[in-house]
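Listed after this line are the structures, all set down as structure tokens.
Next, two complexes with subunit A in common: one pairs it with subunit B, the other with subunit C.
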Partner chain A sequence: MTRSFLIRTPSLLIFIACLALFTIGVTLAAHYGLMSTSFVKTLGKTLCLCLAALAMDLIWGYAGILSLGHMAFFALGGYMIGMWLMYARTEEIVVASLLNSGLPATPEEIQQGIASQIFGVVGASDLPTIWSFAHSLPLQLALVVALPGLLALIFGWLAFRSRVTGVYLSILTQAMTLALALYLFQNDSGLRGNNGLSGLQNLPGLDAVSQDSISLWFFWASAAALALAYLTLSWIVSGKFGSVIRAIRDDEARVRFLGYSVEGYKLFVFTLTAIIVALAGALYYPQAGIINPAELAPIASIYLAVWVAIGGRGRLYGAVIGAAVVSLLSSWFTGGRAPSIPLGFMTINWVDWWQVLLGAAFVCVTLFAPKGIGGLFDYFTGLHTPDRKGAPLGPDQGSLQEKEAIE
Partner chain B sequence: MSQLLEVSGVTVSFDGFRAINNLTFSIGPAELRAIIGPNGAGKSTFMDIVTGKTKPDSGTVTFGEKSASLLKLSEAKIARAGVGRKFQRPTVFEDQTVTENLTLALKAARSPWRVLGWRSKPADHSRIEALAQQVGLADHLPRKAGELSHGQKQWLEIAMLLAQEPRLLLVDEPAAGMTLAEREKTTELLVDIAKTRAVVVVEHDMEFVRRLNCRVTVLHEGSVLAEGSLDHVTKNQDVIDVYLGRG
Partner chain C sequence: MRILLACLLALLFAAPLRAETAAEILSANAALVEKASRQTIAPVIDALGASGDPTAAQVLEAWGNKALGIRKSDGIFFLITANDGGYALTDLIGAPAGQAAKSDITELKPNAGVRGMIATALVQFTLSDPDALKRAAALESIAKDPKPEALAPLRAAITNESDAKLKAQKQRLERLLTLRFEPDSAARIKAIDSFGADLGLDLRAALNPLLATTKLAAAETPTTNIARELKPGRDLTEIEAYDLLVSANLAPARLTIEAARTALIANLVNGAVAGVPLADLNTQAARDRAYTALEAAGTVPQAATDDEAAAALKAHHFYDIYTEPDAAVTTAAASALQYIGHKVAAMQAADLALDGLSLASIYFLAAIGLAITFGVMGVINMAHGEFITMGAYTGYVVQLYVPNYTASILIALPLAFAVTFAVGVTMERLIIRHLYKRPLETLLATFGISIALQQILKNVFGTQARPLTSPAWLDGALNLNDVVSISYIRIAIFVLALLFLTFFLWLMKRTRLGLEVRAVTQNPTMAASMGINPDRINMLTFGLGSGIAGIAGVAIGLFAKVTSELGTDYIVQSFMTVVVGGVGNIWGALAGATMIGGLQKMIEFLNPSNTLAAQTYMILFIILFIQFRPRGIIALKGRAAGD
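Now for the complex of A and B:
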């Protein structure tokens, strides 16, 4: 069984080996001071985005459901871990300052202090009910999985059982992430409105540890999570389950007549990917240090789809490569380090023009290289697309197109 | 002998057009039946109703020894209850290999959790090989279904139908796009299957129906016009008027 699994997914070992080498390389570079702490954080965050892209590939590339709302789950995961980080960190500060005042502080005083510290910025001084579990790391970690999972389960159940598919489902998911963002922007939603949660890079109780070490810890955790998710998802898609969801992508009516509950599978994949993306978010935001409702903007989820498209949908390594390449290029171009191009009558300033370049790249990939960057691997290993005279591989909207398939 | 499938008094209309009009039909647990009728007679709609794709406006559809109603069930549940369907155009999963297509159809648990833990056992493998052998695709197991010829896809779909081990097979124009030799093979296969299961064949080709040598139901404007042996129905004046007389 294990042998056949490895044979069916030859890219798995290569991927894990590359990731391991990369992790060792970054660790050594950081250790010898060749790499700045902020760059280690950028790389760690990139790995989290790769993890999210992996989940996006499972739902879009394999199951054919173009969800444009998965970054909402990413942000929710971040919010859940951010609540504990902010609470525990503020608790330390409040306890320390109350100690200076002489009298031993009561739990109520500490609670009050924390609430006014955190919520002073939005003009409140009571801890909202949704912060009830924020004092406990295990409970808040459970929420990282439970809250996005539950939201995905309810949303997916409503959408799939009404047989909403294709573009309509994409629009519905966009509406979901926008609605959630607008809700979180309100001050009285209990998550500090547009201020969001900040100071997340400071781990409670670890004041003595420098950010150099913490950044590496998170980098390692992100790499481990990516490797584990890659392993699990390769196993899932290489078996019969993968076969069923690819069949749903290409021709869901036929799958129904085989006796599979298409809605059940879609719900399963939607919820599973929401949880993976939420875990990615929970690893991402402590490295970013700040989270606010702008992270749930509809465009964020569209980027996720763009990464997977540029990397090549329907292959796990494609999604990882797409997310890594595009997000690293993005931080290079928008970081002001890319040299501007003077054209005489105007200057191309990459901070402004990067998005134009990305948009053009997306259009070009869709038109001329539907396999994305992953298609290069097919080219070098001699795999061709079948000659079907333009016919896609199934009647459904999300089905694999001729130019994406491998003979 | 009690009937496996009983359809009685079923009516369905689309935007006022009555596709099926007070249709009554039944078939035993091991019986071959051909349904003929001109275009628009309601043959496809009849199959849609039995497989759960279309819900009728009135009437009952019951299945099995307990005469359980199929009307409340989803397509997937009806398929799991033992109704298999073959479409007119071959519908196989073109991006997947012949083995994968057959594995999907193989009778096994269908829930996501159970499928996640499913691993191919030697018995499954030999069953797939036997099925492929039966339809002449044994040498094509590792090929993608999309590369097969039209006729081979038809065979693959028939093999998938058999892999499901249904109690009732609904087969829509199985011989379309097949050569004469393949038609004969299909005939044999269907007659053979009908020894243990119920098989309903919808067909236009009279020669093919004659070779099946079974009871024939003639549909016209959504209801049964005549039923009996092919010779019996072809002598029926109504049938000659609406169907055979035109050709």
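Now for the complex of A and C:
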């Protein structure tokens, strides 16, 4: 404990420096027109996904809880900010259209106009109760944190106090995500059913500012959020708290017998990561422009775990690298820019075959390279795995395998 | 009503006319018949109907079909058939009567109203037709479109009915018509009471119109048959109540926001409306003030403001009024319907239980493979859904080559088992056996396989749904009565689920393989030292679980759309089934499937508009359920539980 925080986490400075260089590089490239606005948006969205993966790494890589529901919090964060964006934007339009109607508009008329604009598609014309705060940015921002945080707190409390662990917890979180998605798919859920919220890329009051600038702002905000989260999480995992949650990952029973409140630690990590993921979602969806319940599909959360696994779990930079590499490769392959491979009897068209490649690659990583991409860094810095004769670090399902650990 | 009276009159006066033949009746009324109109022709048609002459039916039918004519020279009626030279004549008794030129014959062309009366009169002949099929068809046509006129001929046709089944049908239909159209109220009530708690839809269709109501607004209590008084705000919204007042001309129309706007804009003078400055008109209260001022000045029409509307509502009463004027009949009908309602509710509960059971068998089929791999081996197989899909696609491919549906399904079932068994064993050998004791890694690795398999299936079979057609003998449904019914395909799936349960129990309890599987499950090391090869057992168990998923796929594909995402729809429910039921026990999977299937149907019943909401609530319930029984309904105890 005598060594300073920075010395204990040597990767932190390198990571921040790389991120800063990357941000400056993208800014310059965008400034001189070398990079399209849509690509800047893609990069900004990727940074948000990296942020989500970072949180996923804390809960899975460090605390050993394989949550398959964190993308639900991501989407919830997006929905919360999306409500304000849509409301404020619609309000502008409604007020502008009422200006020419002869009489100054009453508040009821404005409210009615907004409601019928937003909910016309689902056949309703009243603003549901859950939109009560949508007029105010600060309140809605508070909800971005509060709602997913509260949901995670309640769900985590219920799950952890009844000692649901391992795959059971994974299945349960997956069920939670599915329940939420199915709920949001209904037209009377108050969030426009499967239409979702759209037009989120238009910031209210900023009509004069071009999308080029807005995309850069969001890119900077995403980069700053990622840097800040990385800093915070590095600090959290480098201290005593980090040791306790790693111990919980490897051998929960022993930690409990040592007198730690295992459930309390788990609940804290679960809620904290839910909030981080929700913030990432709140930054992501204004760049994506649209959000609908399909974003909550259980498969999205499993992808989050896949990114962390491919990057290498139990190391924060691994999660960031995994998310960046997989999501960028994914958009390259599915964007139709990857060259097709003619095989004579058939042609491998990557738009159709990328999922197969990803699945196969992921199976190979799980089987042969549990460290994922992070293993390369260990190889170059000369770090070795401990010799435990094939035994994992602990008896729990989430414990690190021998091949994943660093001596 | 007039027609009804005419019928009755005809019945009364029918007796003295009985001696006449159809020909005599027609010639006696020739002028009427020739210029037949709806108002005047009724006695003639009734006389024909009541004549007892066996040819009357033919004559009437011919008249209705414009095949009756009058010879101009002597005014005699003939059945006519158009041919090259004019008309072939047949006299009314049925004997050929030669040929006539077109100009010699006046063809009778009854209008639509008269044809309708003829058709009604014909009903009694068809009801007594020697051909039982025709009688049944006539009954059906009356039942489909019940009319008061049909009552008398129907009653007349009951006593001579020889077929017992048709007689019962006639009597039932007679009572149904009686309770609706009989003028005598006591007879109607007797008819209503005679049914008791009959579940027939026809009875409810006959009773419900008796209880049809209309809403009425009035200042005093009306003298009509009142169903109940309505309180604004409780039974109907105040807006609806006020609309009733407006439509009954008891109150002026309410001032809508739109109308107020238009009126205000129209009266905008020098930047102010009735003294209220334009800029101030940005609240509803200010607009109301301005409008009232305009009203006072007389520039706009009177329109009710909220206060006036409330006062008008208070001054009036609102009622549901029966369209049926007879109070005794409506009371009897209401109590009969209530009685029926109780019985229908009980039957619906039975129907719901059947629905739940069939959904449970589907979940059981989908989950049984998982119960084996997850329950017995502790391996989470996220690719289980894709095995189900593969089974369904196997069925589709078999049907491409075997056109006979019965044969193709019989081939597809074992073939699907073989295909998914092979894929499952390959997967176990290549991947899963390296990940035993690492369930979370297994989960993720099998997820990788799942997305790869799903995409491959999509690439091979395309994204559109493929047909998997069930044999014709599985079409249709078994109807126990008008409420309870179950489709044959669901019965087949239920039977299939039972078969699998029996097969699985037999396999585990009565075979060498089952013994070894149980041994490896409990203690692999000890099993190995007793000469069992755990590797081989694990491989076979996993293959078995996958194979059963394939068979489940064929069964599910018969009623669901076969797409590459078929299995994904069932995977979470399957996991839920296993988790809720309890791991490591086939009875657990059964209990879990029963609970989830029953619960889902129950929630759907309570909230019928929305299956999505039903699933949401069900998952929430499961999450809560896990709180109280974390190890499922049927939890293993002691050492077998593994910890």
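Operating definition for what follows: the second predicted complex is superposed on the first by the 404 of 407 C-alpha atoms of A that agree within 3 Å, B and C clash if a C-alpha of one lies under 4 Å from a C-alpha of the other, contacts with A are read in each partner's own complex, and residues count from 1 in each chain.
The rule is short, and it goes like this: contacts are C-beta pairs under 8 Å (C-beta built on N, C-alpha and C of every residue); 3 or more make two chains touch, one makes a residue touch a chain.
Values in this document were obtained by computation on a predicted structure and should not be read as measured data.
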Kindly say whether there is room for both subunit B and subunit C on subunit A in the superposition, answering fit or clash.
fit
Once the two complexes are aligned on chain A, which partner has more residues of subunit A within touching range, subunit B or subunit C?
C
For A:137, decide between first (touching subunit B), second (touching subunit C), both and neither.
neither
Inter-centroid angle subunit B-subunit A-subunit C after superposition on A [Cα, multiple of 10°]
100
Is A:158 touching the first partner subunit B, the second partner subunit C, both, or neither of them?
second
Is A:179 contacted by the first partner subunit B, the second partner subunit C, both or neither?
second
So in the superposed three-chain picture, is A:367 touching just subunit B, just subunit C, both, or none of them (first/second/both/neither)?
second
Output check: A:203 vs subunit B and subunit C. Expected answer is one of first, second, both, neither. What do you get?
neither
When the two structures are overlaid on chain A, which partner does A:290 contact: first (subunit B), second (subunit C), both, or neither?
neither
Taking the superposition as given, does A:388 touch the first partner, subunit B, the second, subunit C, both, or neither?
first
By the touch definition at the top of the document, which applies to A:145: first (subunit B), second (subunit C), both, or neither?
neither
Rounded to whole Å, what minimum CA distance do you find between subunit B and subunit C in the overlaid structures?
7
Do subunit B and subunit C land on any of the same subunit A residues, and which?
none
What does subunit C use to touch subunit A in their complex?
257, 261, 264-265, 268, 278-279, 281-284, 287, 380, 382, 431, 434-435, 438-441, 443-445, 447-456, 458-459, 568, 572, 575-576, 579, 610, 612-613, 615-616, 619-620, 622-624, 626-628, 630
Interfacial residue positions of subunit B with respect to subunit A in the complex:
51, 53, 74-77, 79-80, 84-85, 87, 91, 93-96, 100, 103-105, 110-112, 115-116, 118-119, 144, 146-147, 160, 164
Help me check something: in the complex, which residues belonging to subunit A touch subunit B?
1, 236, 239-241, 243-244, 246-247, 250-251, 253-262, 264-265, 268, 386, 388, 393-394, 400, 405, 407
In their shared complex, subunit C is touched by residues of subunit A numbered 66, 101-109, 155, 158-159, 161-164, 166-168, 170-172, 174-176, 178-180, 182-183, 185-186, 188, 298-299, 302, 305-306, 309, 352-356, 358-363, 366-367, 370, 392, 397-398, 401
